[in-house]
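Letters A, B, C and D mark the chains in the order given here, with residues in each chain numbered from 1 onward.
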Amino acid sequence: MSIKICSEDFDPFQAIQDHQQAKSAMVGKYGATSIFIGTMRDFNNDRSVQGMTLEYYPGMTERQLEEIVRHAQQQWCLIETLVVHRVGDISPNTPIVLVAVWSVHRGDAFDACRDIMEALKSRAPFWKKERLLSQQSHWVESNSDGYS
Amino acid sequence: MSIKICSEDFDPFQAIQDHQQAKSAMVGKYGATSIFIGTMRDFNNDRSVQGMTLEYYPGMTERQLEEIVRHAQQQWCLIETLVVHRVGDISPNTPIVLVAVWSVHRGDAFDACRDIMEALKSRAPFWKKERLLSQQSHWVESNSDGYS
Amino acid sequence: MPMLIKVRYFASLREKVGRSGDSIEAAQIMTVQDVWQALNQDVPLPDNVLVAINMDYAALDAKVRDGDEVAFFPPVTGGWR
Amino acid sequence: MPMLIKVRYFASLREKVGRSGDSIEAAQIMTVQDVWQALNQDVPLPDNVLVAINMDYAALDAKVRDGDEVAFFPPVTGGWR
């Protein structure tokens, strides 16, 4: 398991490849990799979003992410899990979150990747403040549900 | 939509990035990317697998993959879809299949990526012949179900 | 006027019949099953065989038309689990 | 012997109270809710507030111990949809 909080932009594909290289015991053992990348869009509810700031709770955020991944590891048969989350000032078209799950069979990877994303969305302490083109900024107060 | 059959090894992460670069209209529009990579393992049912050959039906395989993606596009709100599938002689620890789906919301990307993988598994004309360490080879006759 | 039908075999079925394809001229209307029987009299059609006409899945009792490509193959198997 | 409690506020709640944190010495046993009221008499605790004690989620009526870090924050919101 690897959990990373980044205050600078990160390359999700590089992060995945670095992880695969670092965990050499994985080689030849996984048949399935399920990956989710959340990217900042440049529009939201028809108002032009210029950027956003993601606040977090250093220490608690990492602990909650670890808990979420540990819970998924208990439920499914996983070989490796990588979570990278961006914090701070974020520009449009920038990766915000990466979840990558490696397993033998594809069902475990698909289920665990989705479960981690949904749990992360509701339980990991991140708070989003959007900056609009009008220079106004506001805290976003609720998440949409990925299943609906 | 982009469907590719490769008779040489491919880099799934390069393929995704190339696709994102080629489709410049996507920039800033997608919030979710769901990716599945199927990789050849070096073990299978406890017998050591040395490699495999994936046969396909040129023309029909591409047509069936297009049908599968088109069906997913009708069911979910998708921005882009990329499918790359390896054929021919394949060594362990090599990517075999890549499905990448871009959408605004994560539910669409997750559902469509999984649906495409399941449909591909049951309807796309590929046939797998495994080569064992004993130099024997045999056709694999059935797929496992990713949902079970 | 006889109809010309192109036939293809894939994977284990190709190895079983020992050929990757055939051509057949049909004097009367044939189904997919008729085509198999005409070409492989000594090989019974496997229960789980899949059939395509012109690269679309078809049934065993589908009628074959002049110029069609008929394919026989075993259940498909991807390269991953 | 008084207990020392560290308090933290995040996001919109931090802006609302105008501080990122407080320290409070408690002479008797307090719940999380007691801590808020002692520190923010003129700011009612929002209905949907979340609470953590020592970085684990906790209830409003959970008891606070000496040395605890109590955090108040709004519902979490990730950066994507």
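Note that in this section a contact is a pair of C-beta atoms (placed from the backbone, for glycine too) under 8 Å apart; a residue touches a chain by one contact, two chains touch by 3 or more.
If you're wondering where the values come from, they're calculated on a predicted model, not measured in any experiment.
Engineer: Touching both chain B and chain D, which chains are there?
Structural biologist: Both chain B and chain D are touched by A, going by the contact rule given at the top.
Engineer: What's the chain with its C-alpha centre farthest out from chain A?
Structural biologist: Ranked by distance of C-alpha centres from chain A, the top chain is C.
Engineer: Report the inter-centroid distance (CA atoms only) between chain A and chain B in whole Å.
Structural biologist: Distance between chain centres: 23 Å.
Engineer: Report the inter-chain centroid distance for chain C and chain D in whole angstrom, where each centroid is the mean of the CA atoms.
Structural biologist: Centre separation, chain C to chain D: 73 Å.
Engineer: Report the inter-centroid distance (CA atoms only) between chain B and chain C in whole Å.
Structural biologist: Chain centroid spacing, chain B to chain C, equals 27 Å.
Engineer: What are the residue numbers in chain A that touch two or more other chains?
Structural biologist: 31-32, 38-41, 104-106, 144
Engineer: Residue numbers in chain D touching 2 or more other chains?
Structural biologist: Where chain D meets two or more other chains at a single residue, that happens at 80-81.
Engineer: What residues of chain A sit close enough to touch chain B in their complex?
Structural biologist: The touching residues are 13, 16-17, 27-43, 92-93, 104-107, 109-110, 113-114, 117, 144-148.
Engineer: Touching residues of chain D toward chain A in the complex: what are they?
Structural biologist: Of all residues in chain D, those touching chain A are 8, 10-12, 15, 50, 52, 55-57, 71, 73-81.
Engineer: If we count contacts the way the header does, which residues on chain A are in touch with chain D in the complex?
Structural biologist: Chain A reaches chain D through residues 38-41, 52, 54-55, 57, 59-60, 63-64, 86, 90, 96-97, 120-129, 139-144.
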